[in-house]
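Chains: A, B, C and D, in written order; residue numbering restarts at 1 for each.
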Amino acid sequence: MFVLVNLKAYPCDPVEVAEAAAEVAKDTGVRIAVAPQAAHLDRVAATGVETWAQHVSPVDHGSHTGSTLAEAAAEAGAVGTLLNHSENRLKLADIDASVRAAVRAGLETVVCANNPRQIAAAAALEPDAVAVEPPELIGTGTPVSQADPDIVTDSVDAAASVGDVPVLCGAGISTGEDLEAAGDLGAEGVLLASGVAKADDPKAALEDLVSPLV
Amino acid sequence: MFVLVNLKAYPCDPVEVAEAAAEVAKDTGVRIAVAPQAAHLDRVAATGVETWAQHVSPVDHGSHTGSTLAEAAAEAGAVGTLLNHSENRLKLADIDASVRAAVRAGLETVVCANNPRQIAAAAALEPDAVAVEPPELIGTGTPVSQADPDIVTDSVDAAASVGDVPVLCGAGISTGEDLEAAGDLGAEGVLLASGVAKADDPKAALEDLVSPLV
Amino acid sequence: MFVLVNLKAYPCDPVEVAEAAAEVAKDTGVRIAVAPQAAHLDRVAATGVETWAQHVSPVDHGSHTGSTLAEAAAEAGAVGTLLNHSENRLKLADIDASVRAAVRAGLETVVCANNPRQIAAAAALEPDAVAVEPPELIGTGTPVSQADPDIVTDSVDAAASVGDVPVLCGAGISTGEDLEAAGDLGAEGVLLASGVAKADDPKAALEDLVSPLV
Amino acid sequence: MFVLVNLKAYPCDPVEVAEAAAEVAKDTGVRIAVAPQAAHLDRVAATGVETWAQHVSPVDHGSHTGSTLAEAAAEAGAVGTLLNHSENRLKLADIDASVRAAVRAGLETVVCANNPRQIAAAAALEPDAVAVEPPELIGTGTPVSQADPDIVTDSVDAAASVGDVPVLCGAGISTGEDLEAAGDLGAEGVLLASGVAKADDPKAALEDLVSPLV
């Protein structure tokens, strides 16, 4: 299972979460990555944790003021990027172009989507993985694996039908139990945010999260 | 073959084109539809021609000022809608929601896309058809079937692999020869605009276009 | 006072509201306009009521699929247009271009904005009027003139400082009392929606609304 | 005169340009800032040059995946931010919210706009400065001060009429002569990009640029 921690624009200390994630990853052998603000990529990568961007723009080098160039994210230490998060929905053509930009810069890609139909569409764009996150569950603390297990299994089926693309499961994930349930439904990883980023003790939160894998 | 004439925001007389299309459709038995501005749907539908919207918004009834509600388009006479035209690219989640809105209002749907990967993604959203239009060929007069035949056949394969979704072929189509070439490549229809809407004699242009089908 | 009734994408009968508005306008001499969906402009204008678009696109004739061309709105009977409603916020450059497009097509313009700063900005683009609508009050039934009278007077001052642009007052307006309060604060009109469009008896709602003016 | 060098998504070495700018600023006493990709803010700021963001999002801390949080830009070393560059046009309400976010994080703001009308609108949002950049001149090498001097003087007048907001002049600026002409037209600074970022010798380019000020 892959654990991807999205720091969004939370008022957390990105380095503290990154150090916790690096340590737990090392101690347990579980793959854990942290996705900070673009401006924090450098310092998060410096902790040694696997570092992801939250987004890269559908552009190549050139006149694109205010973009997040995939190469710039990679130079700052990112090895992967989220795309089309429900808080940052993209045009279909731009998801395609952003996946291409990420591939060009050597970044792994996870394309988010809301339901099995959109998961199939996202998978057709050939990212490394897709993530299903029903928007209505994000940040609720109610895991999708419990609130709507069918959406996970249907997404796994949808992604498999298009091209054997692994599915991460997001929205409401915070505990080891949630992670285990997601795995039981066929997810190969989890995407989470507040459960770790807003935890009083991010390290303890991550340890609990990955405990079923150890 | 289905012929869908997109009037865009051209300075043509939408009723003149609609009447020409209605007549040619009647004379030849070929299915021809006309997609005018939303504000022109009523008068175009009044000609008896099959009338399509150029877009419907991803919304239901409610507080959506400036939207194009699918039901309003249907009430004005539309029986189908284009979505995600390259001049009006939509977010993935919104294409999905717009297809659902169109289905809810009884409108047929054609989702446009730029390349075979995006065609597969569009087809996964379960529209009635998809249309492949490489943006660089739109309005050039060089038909995609000639400039890049592989993109058409690859799109037909991509749509078929996802769920047997018919493919229309757009960009640069204007003559009967273009239409025939599109059909030979597996397209079940053509999407065109300036070739008819900007023609001195739209009726003659349509007659030439459908001549291989008669 | 100018009364502008925005039908949004409400499930009301636009013709019924338009007829009510036409009648009340005629009976009372108050200027009342109705802004329906673009696809309903024709039938609303046919009632004889002053008809407005909810939006026009920042484009001229040309390749703009899915746009709302100002000329098409005018041909369908619109004599004015809302722009930048809080449900349809536009880029600054596009508000400017949409005002220009409306002027080109002979449409009057009302640019909406959220607060006095944005009202000044909107007024600088030289529309015929601006409308202040705090988004948090829209659809609440609590009139802005009561919830936050300062925002109205500050908007009137802001618009005056830029160029003597009249201010309409929106958000939560539904009764004659609300309209009167808006006028007392310096507004030269009101923008309302659900108070009329969702009323059991739109005509009675309008009669109550304009009663202080009669 | 303030010289703001926008690195866009150019394939230049941001640190090389930053070091050149820092040196020329120190040698000449001219205020020179560099605006790199968000992911490069840290390393550019480390050179000691005045560092600006190319954009900050109209958000506060919270659930905003893929945003550029003003605080994150500030933590990475930015002391100012461009907003609404013609390659990154924003909604009016978002320019307002982005200026507020920048102020909150202690960042100086320059809001770009295309013409005197939009300059007045931008100035009404109370940024620290505005920048006029006719989009058709960006990257051409033809300075706006030469191609269209009236747009600069009209912008200076427009900004002054709204609230004494300084105007920077962008588009096509690359030489000391261009900078001088901009100053003569009333600009208090220049915004430039390719003239420095794509120069074979950025330091020499900057030295030439600021030579009239030394």
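For the reader, a short list of remarks on this structure follows.
Simple rule for what comes next: a residue touches a chain if its C-beta (ideal position, glycine included) is under 8 Å from a C-beta of that chain, and two chains touch if they have at least 3 such contacts.
Note that the structure is a prediction, hence the values are computed from the model and not measured.
Note on connectivity: the fewest chain-to-chain touch steps from chain B to chain D number 2.
Remark: among chain pairs A-B and A-D, A-D carries the greater number of C-beta contacts.
One simple way to say how far apart two chains are is to compare their mean CA positions; for chain A and chain C this gives 43 Å. Per-chain Cα centroids separate chain A from chain D by 33 Å.
Centre to centre, using the average C-alpha position, chain A and chain B are separated by 36 Å.
In chain B, the positions touching at least two other chains are 86.
Across the complex, chain B meets chain A through its residues 84, 86, 89-96, 113-115, 117-118, 120-126, 158, 162. Listing the residues of chain D that touch chain A in their complex gives 6, 8-11, 36-43, 53-55, 57, 59-69, 71-73, 75-76, 78, 82, 85-88, 138-139, 193-194.
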